[in-house]
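Given below, in the form of structure tokens, are the structures.
Both complexes below contain chain A, partnered by chain B and then by chain C.
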Partner chain A sequence: MADMSHTWMRRNRMTITPLLFLLPGMLFFAAYVIIPIFQSFNISLYEWDGLGEATFVGLRNYEELATDRAFEISLWNNVKWLLLYLLAIPAGLFIALFLNQTVTGVRLYKSLFFFPFVISQVVVGLVFSWFYLPNDGLFDIISGWLGIDVRGGVLGNPNTATYGIIAAGLWPQTAYCMILYLTGLNAVDPEQVEAGRLDGAKGWRMLWHVILPQLRPATFIAFVVTIIGALRSFDLISIMTNGGPFGSTRVLSFYMFEKALSEYGFRMGYGSAIAVVLFFIMLFFIAYFLWSMYRDERAARR
Partner chain B sequence: MFPTPIQKQSRTAQLTYQSLLPLALIMWLLPLLAVMLFSIRPLADFTNGNYWGVPSSFEFFNNYGRVFFESDMPRYLWNSLLITVPTVIGAVALSCMTGFALGIYRFRGNLLIFFMFIAGNFVPFQILMVPVRDLTVSAGLYDTKLGLVLFHIAFQTGFCTLFMRNFIRALPYELIEAARVEGVAEWRIFWFVVLPLMRPAIAALSVLIFTFIWNDYFWAVVLTQGPDAQPVTAGITSFNSQFVAQYHLMSAGSIVAAIPPVAMFFLMQRHFIAGLTLGAVK
Partner chain C sequence: MLKTFTKVAGALALTTAMVMPATAAELSGTLRIISDMSNPAPRAIMEGLAADFDAMHPNLTVEVDVVDREAWKSQIRNALTANSPDVVNWYAANRMGPYVKAGLFEDISDMYTGGDLPGLDSVKGAMTLDDKQWGVPYTYYQWGIYYREDIFKELGLTEPTTFDEEIANCAKIVESGRKCYTIGSKFLWTAGGWFDYMNMRTNGFDFHMQLARGEVSWTDDRVRETFANWRKLIDMGAFIDDHQTYSWQEALPFMVKGEAAAYLMGNFVVPHLRDAGLTDDQIDFYQFPLIADVPQGEDAPTDTFHIASGAQNKEAARAFLQFVTSPDVQTKINAGAGLGQLPVNAAASVDDDEFLNQGFDMLSNNAKGGIAQFFDRDFPAEMAAIGMEGLQEFMVFPDNLDDILARLESSRKRIYK
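Presenting the complex of A and B:
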């Protein structure tokens, strides 16, 4: 009997081994990531304070979202984040081109330029909120020289606060894109650059027709991490304005947290409904990323 | 090389470049330099409105000393370490295995499982928040380091699997086939053939996950609440309410909180960057 099961194991070892190797990781991932996604879908159909009895309300949470002014503001802010955050990609490319030289000490310069990415967003948020302090902050002093006066400080003014936070977020994100492009530039084929030079390509034309096509993989990853980063923005908002002034800096991720888990009430169902909306926005991008990866995977099949 | 090496350009261009470099760096790090300046000032400077002038006295030891001896900061730092290190070990261990399974074997659903890991890694945290918090509370792990560690391990396994699987795919497959011809058992192939080759990937992931987890704020707020379990990112907000408007101490505290991942980065730079580019950009 023991012998039989042994031979069975041997015969099927190419199926059983990967299964055993996958099992612990998959169990963990399923319990903490995959299943909770579906649970959230379910919770979004209930009115629930997280402790007592949950009441089924159907789609009423979503109906409420449609008329919720704060939700609308959050959604718009997400769009702003998404569009402006993409500036990190050209900015990162620009700095990478600036630093892609071999002078003494340039390695140290590269690491120091990358520095903001390593610091936690909490600290970045604090640093920038002091930078933006009304009257005494460095930003206010410098903009004062230029004759610009932001009423109530950048973060105290509902018209500027979101942009101030996005600028703070762009700082580490640009650093990330820069490092992606620096690594990419390293791998640019020198022969093609030479050939381009012989054909008389210089500056912008060279960048556009010879260099950028070779940087495609770096650009792809830069897009992925920047879009995900923009939609995940939470830390900076929580630290710098806590959603204020007058709720003008909320985004979906922050608004969801506020609704579900703060003094503004423990409305788990309503919060989950917001999360579901955010999930579908994200899913649109995730599907695109996976599709491009799938194409590469098919092409690379051996 | 692009752009044209500066050495091939005129002398003036070279000089301009050399002087532009430090200038650009100072501009880039200006907000950070400001905080460093804050952290060595005495309190009197802020009350006198001397935010940006020369500090009236040098209070480096005094300010940082108070961060370490008069606040919960050391506890938060210790919590961060006790959360970060087990997470790194757990996530890397699990993903070595999943990466091996997905990178070496061909079976139905291989790509599907792989894509599930990637997709899960990109989802917004908020869609997980309520159920994960619920799960943690009902397991009696709310406001414990273990509760946070378990979640982090699970979530980071997604990203780590992506990285490990692609790394293993790039290894020479002949090695594994040769071992199989020799009749080496599959688990021994994993342990003696593949694992030693994965060292660079393990190093890269460890540094990267260390930084990610150290810097996590959202889950720290969702799953913990007091100085018993809170890591430094969440602790710094209570630190700041302890020292409201005392910018010299708040900035010293922020710098202390930021140092470990920074040190990690400078020590392991090459690995760190290899990890960040997801191994896709060589």
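Presenting the complex of A and C:
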């Protein structure tokens, strides 16, 4: 008997060893990621203040979401974030191309451009909120010269506040994309560039047909981090406007926090329902990324 | 952050050997307190209270854990449910609701009826939910209009007592190139203070409380009248511009620099104004003027101590509650050198301070309507959050009123079931 199991172990060693190595990671992943996701699904069907008894309400939280204007605004703001945040990618690319040369002190310039990514989002938010201050802020002074007066200041005006925060978010995100492209540019094959040049390509054509295809991996990662970054936007909103003025800058993650965990919140069920919606939006992108990674790997193996 | 006070006898001149006449039975074990008095002055007071109480009871060890005041607003839930302490800080009125309903606060009605808490009759109401009392207050403070006395003098204005006078004053202030009121509504609650007063003065305290309890519609004509009065001030440019981008502290410089003449605020604003360099000759206080002929209701938020229902040492916790509310301790901790607020015990004395005296006089003699806690403590949390957002929007875009009221009304129908 003992002998048999011994040989069984030996025969399946190639399968069992990696499984054993994966086991701790899988356990933690299940306990801290997978199970909580299903718990959120479950809580979203209840009315619960986090203290007393939870009452089952079925899909009523979702029905309320459908008519909740604050939720609608948050959803649209998420869309704005997703689209405008992508500007970080071309901006990062052009800064990277610009910095990708051998000039004295270029390392210093690179680190200066990278600087906003290193400092905390809280600091970025504070700096930008001073920049946007009505009357005394630099932005207001400069836009005053151009004859533009944003009523209430950029962050005090419900029509401009979200864009103001996205602009603040683009500053560190551009730096991040720039670093991704700088490393990508190191890997560009000089022989292909040479060959392109012999064929008479330069400027935009060179960039589009020779350089960019070689930067595909960097572009892919830049997309992933930017989209996830846009959906995770929370700290800047919390620091710069706290969701205001009158809720016009909330995004889903912020609204979820407000409803579930803030001073006036503790509607766990409703907060979970928002989390579930956010989860499915993220899942859409994550599934796409996983699928395209899988496809690339298969193509590479062939 | 955990501090254990063992035998710090004589650390602070003992306020007392006098408290606890009845429960002189020797207390023992450990008394665990979690306090949110994290600002420097309150923190010193809390630590002093713990040290004194510890010294009074040789067999008792008092442990006090001071946590950040803002963080405590969400931490209290975990603190009370897991390994709960004996005594915690919180707020009066509706804010106690969730913890009372979940059975996390100890019912101490017997202490009130049994005469263990003499002198607290006037503040008992704020501690009452479902006809029972759930804790004791330790401090409160008045709200009202703090103004620049020197600017009033310069323009020849006097403290208004009616809304018409207020508006006439304000017209002159605006004419002089200033704003009448500073306010920073970024964190919303300051707008709640304005609504409290506009509504309590227009429709009376009782109506305001009916609205807080969800018994009146937000689209009621009486509510509209409140907003119409408020709008008179907004339309004449009484408030500073862009207030939605400032916190209440960021709105202070407008008053300090003399760009705005007054601030509707709680008494905690006074040290800030003094620190900014204004002398007591430059600042003064008046009660929010009358609008309709209704008894005045006043906002006077109360901070409290509660016993957790899961407390290990309830005997010591009860003795501590008696200790903090006793007249001498109340006089001492609320003095200008301490919290600089009003004592809750009728037998305590108010420190000799221009603002505390005026506030105490106002609340004792001129608040016949009743004492409210504050918008975000009287209204249920969710209604308060949605409500204050609407109030801020109204202050910036008064034309949106119909839309705002319709939104608040639909929330009211959902929240109060």
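What we mean here is this: the second predicted complex is superposed on the first by the 279 of 302 C-alpha atoms of A that agree within 3 Å, B and C clash if a C-alpha of one lies under 4 Å from a C-alpha of the other, contacts with A are read in each partner's own complex, and residues count from 1 in each chain.
To be clear about the criterion, contacts are C-beta pairs under 8 Å (C-beta built on N, C-alpha and C of every residue); 3 or more make two chains touch, one makes a residue touch a chain.
This is a predicted model, so every value here is computed, not measured.
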item	value
First, second, both or neither for A:64, with chain B first and chain C second	second
Chain B versus chain C as contact partner of A:9, first or second or both or neither	neither
A:148 touches, of chain B and chain C: first, second, both or neither?	neither
Touched partner set for A:261, first chain B, second chain C, both or neither	both
Which superposed partner A:246 touches (first chain B, second chain C, both, neither)	second
Touched partner set for A:134, first chain B, second chain C, both or neither	second
Touching partner for A:83 - first (chain B), second (chain C), both, neither	neither
Partner chain(s) touched by A:195 [first = chain B, second = chain C, both, neither]	neither
Contact breadth on chain A, by residue count: chain C or chain B	B
Common interface positions of chain A, toward chain B and toward chain C	50, 261
Residue numbers on chain A that touch chain C, as the complex places them	49-52, 64, 69, 133-135, 152-153, 155-156, 241-242, 244-247, 258, 261-267
Residues of chain C defined as touching chain A within the complex	70, 73-74, 77, 81, 98-99, 101-102, 104, 186-188, 241-242, 244-245, 376, 381-382, 384-385, 389-390, 392-393, 396, 407, 414
Residues of chain A that touch chain B when the two form their complex	13-15, 17-19, 21-22, 24-26, 28-29, 31-37, 39-40, 43, 50, 97-98, 100-103, 106, 109, 111-116, 118-123, 126-128, 130-131, 136-138, 141, 171, 176, 179-180, 183-185, 187-188, 190, 193, 206-207, 210-211, 217-218, 220-221, 224, 228, 231-232, 234-235, 238-239, 252-253, 256-257, 260-261, 268, 271-272, 274-276, 278-279, 282, 285-286, 289-290, 293-294, 297, 302
Footprint of chain A on chain B - complex, ascending	1-3, 5-7, 17-18, 21, 24-25, 28-32, 34-35, 38, 49, 51-52, 94-95, 97-98, 100-102, 104-105, 107, 110-111, 113, 115-120, 122-135, 150-151, 153-155, 157-158, 161, 173, 186-187, 190, 211, 214-215, 217-218, 221-222, 233, 236-237, 240, 247, 250-251, 254-255, 257-258, 261-262, 264-266, 269, 273, 276-278, 280-282
